[in-house]
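Per-chain residue numbering starts at 1, and chain names A, B and C are given in the order in which the chains are listed.
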Amino acid sequence: MRLVAENVSRSFGPRRVFGPLSFATEPGRVLGVAGANGSGKTTLVKVLAGLLRPSAGSVRLEDAGRPGSRIGVREAAGAIGWCAPDLSLYGELTPAENLEFFARVAGRLPTREELEERIASVGLDPRRLRSIRTRFLSTGQRQRLKLAYSVLSSPAVLLLDEPGSNLDEAGHRAVTAIVAEQRGRGSVVLATNDPAELALADERVTL
Amino acid sequence: MQVLGTAGKVVLGLGMAVVLWAAFLYAHPAESFVGESSRIVFFHVPTAWISALAFLLAAIHSGLYLKTRKMERDDAAAAAARLGILFCVLATVTGSLFAKVMWNSYWNWDPRQTSIVLLLLVYGAYLGLRQAIEEPERRATLSAAYALIAFVSVPFLMFAVPRMYASLHPDTVINARGRIEMSPDIKLVFFSSMIAFTALFAWMYALDVKATRLVRRLSERTGGFEA
Amino acid sequence: MILRAAAAVFVKDLRTEWRTRVAINALLLFAFSVLVLVGYAVGPTRLTLEDRPVVNSVLLWIVLFFSAMTGLSRSFVNEEETGTAAALRLSAPPASVFLGKLLGNLALLGVVMAVVVPLFLALMSFGIAAPGLFLAVLALGGVGIAAASTFIAAIVSKTAAKGALFAVLATPLLLPPLVAAVTGTQIAATGPESAAGLDAVRLLFAYDGLMVTASFLLFDAVWRE
């Protein structure tokens, strides 16, 4: 599926944050979004995720095989994965319980092995974290868990906003691995100022 | 562009003056009411009707805002709620004066009085909610949702709760037997007053909507959030 | 699908509440303090026999109403304050969020009622002549309070004032069912079930149905504003 943005812009009251912008993601490719602090990267990603209404224009999902088939981004449950600084998981639940909850509300019942595999894939030790509530994790560990959450539903489009923040060397490798994994499944929008991460992008939009 | 031209203003002003004159000097007091107290019907019922109309408009425009997301709808809903409260207060005061003359107390928690106070509370809360939100789109969405859910509970205030107690309120204009029982002179003045008040409201409403829209546009241009 | 997701939201909230016990402790402590205050100030013997049904019914619903106002906004306000609302918005169908939260608030209010009502009856020597009617009024009144509170909580969680605004917005909406519940309780206290008692039950039932339906329909607009 392609994520298509047409003349999208967003304002808060009188203040225009970004846009109007038009672009589309392609399966197997990574779209980089660059721009200085305050240029609206985070807001753009939220609009793409359907978490914010665009002030003008539209964001739609399009079946790659059938151009013209259009789904509003808000109606496409599970098609979009999102990891961003304003994403928070439940502090009182353990990492596995968090992932299990989000899978359940999306209508799936993952087994314990699947959950632990997901947790291990971002470099966390599922056995050691089994009885630890998420609020006791370090900031970097939480960032990794958020990455695991973002690909939980095997999304067609993965939106990553500063995915490498607070991560160590191994964490950055986990980001690279997740981007590579997503290429095989769909497309990636990667909003970042990290040159190493931007190097993963095939195309680039600068705000 | 002017909301109402000079000719319109003259007609409206003269009309209101004639209604005022007729209410006090032309119509005869109705039987079975203390003294001249029945004359309040020419003011009480129109203000009550206008407040109901205004709250209905607020609900309709709120619904349309959620559907179309046009800020003009939000301006219209806010203006309607404000004017609804104004006319609701007028209806409360005129009703209260009547109660003093008829039953010798301004306020006796008659079901009608109770439900009108609840209405004031509901739409007062609506305006409070509007003031608590700075961002225009968010304010419009959340207050529209509140206006609609409040509108759902209004029928309970107006009809259901009063029915549970005996009310001293005189028969409503169209009474339980489904007829309008008024002498011809009272009927004439009453309906003229209804028309005059409705025209007055329509003018005030158009002015308020226009003013609200201008303030919003101005704040969009200057970059401030002040409504 | 919606129901299963709603159950997941409900279980998640229950689990979080069980681990922190913030809402239930605040609610019960508040309810208990008010009970003590009312019991001490009014007591069972201060009132004349004919005053008891009226005053006690009003006091009981005031205790329940204010307890609800202290605790029922918690679950939505929490989601916005801790920033988990965004992930929930992205992953869960809106209807399941509302249903799950409504169930959670019903459970919370149910626990408070289960503690407060027997205590109140005992402390105030408040006898109930028609227990069936009384239970129906309690249940239907509770559903009405929970439904309106859940929807208002979703609204105020998106404003800066949050808690301060909650009672202001919820009170006018809750007055009709509270008036009916007080009347119903009064009738249940004084005598056998009557037409007036049934009127109160019918009114509560209609309010609940309308409130649940309307908030269900409007929730999507508020939640994904």
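Definition applied: contacts are C-beta pairs under 8 Å (C-beta built on N, C-alpha and C of every residue); 3 or more make two chains touch, one makes a residue touch a chain.
In this text the structure is predicted, and so the values were computed from the model without any measurement.
Compare each chain's C-alpha centroid with the centroid of every protein C-alpha atom shown, and the nearest one belongs to C. Using CA-based centroids throughout, the chain positioned farthest away from chain B is A. Centre-to-centre separation of chain A and chain B, using mean CA positions: 50 Å. Chain centres here are Cα averages; for chain A and chain C they lie 38 Å apart. In whole angstrom, the spacing between the mean C-alpha positions of chain B and chain C is 32. Within chain B, contacts with two or more other chains are made by residues 134, 137. Residue positions 225 of chain C each touch two or more of the other chains. Touching two or more other chains at once are residues 53 of chain A.
Residues 1, 4-5, 8-9, 12, 15-16, 19-20, 82-84, 86-93, 96, 224-225 of chain C touch chain A in their complex. Residues 66, 118, 121-122, 124-125, 128-129, 132-134, 137-138, 141-142, 144-146, 148-150, 152-153, 156-157, 160-161, 163-164 of chain B touch chain C in their complex.
Across the interface of their complex, chain B is touched by residues 12-15, 53, 55 of chain A.
Listing the residues of chain C that touch chain B in their complex gives 148, 151-152, 155, 158-161, 165, 168-169, 171-173, 175-177, 179-180, 183, 196, 199-200, 203, 206-207, 210-211, 214-215, 218, 221-222, 225.
On the chain A side of its complex with chain C, the touching residues are 46, 49-51, 53, 74, 77-78, 80, 82, 84, 86-93, 97, 101-102, 104-107, 133, 149, 153.
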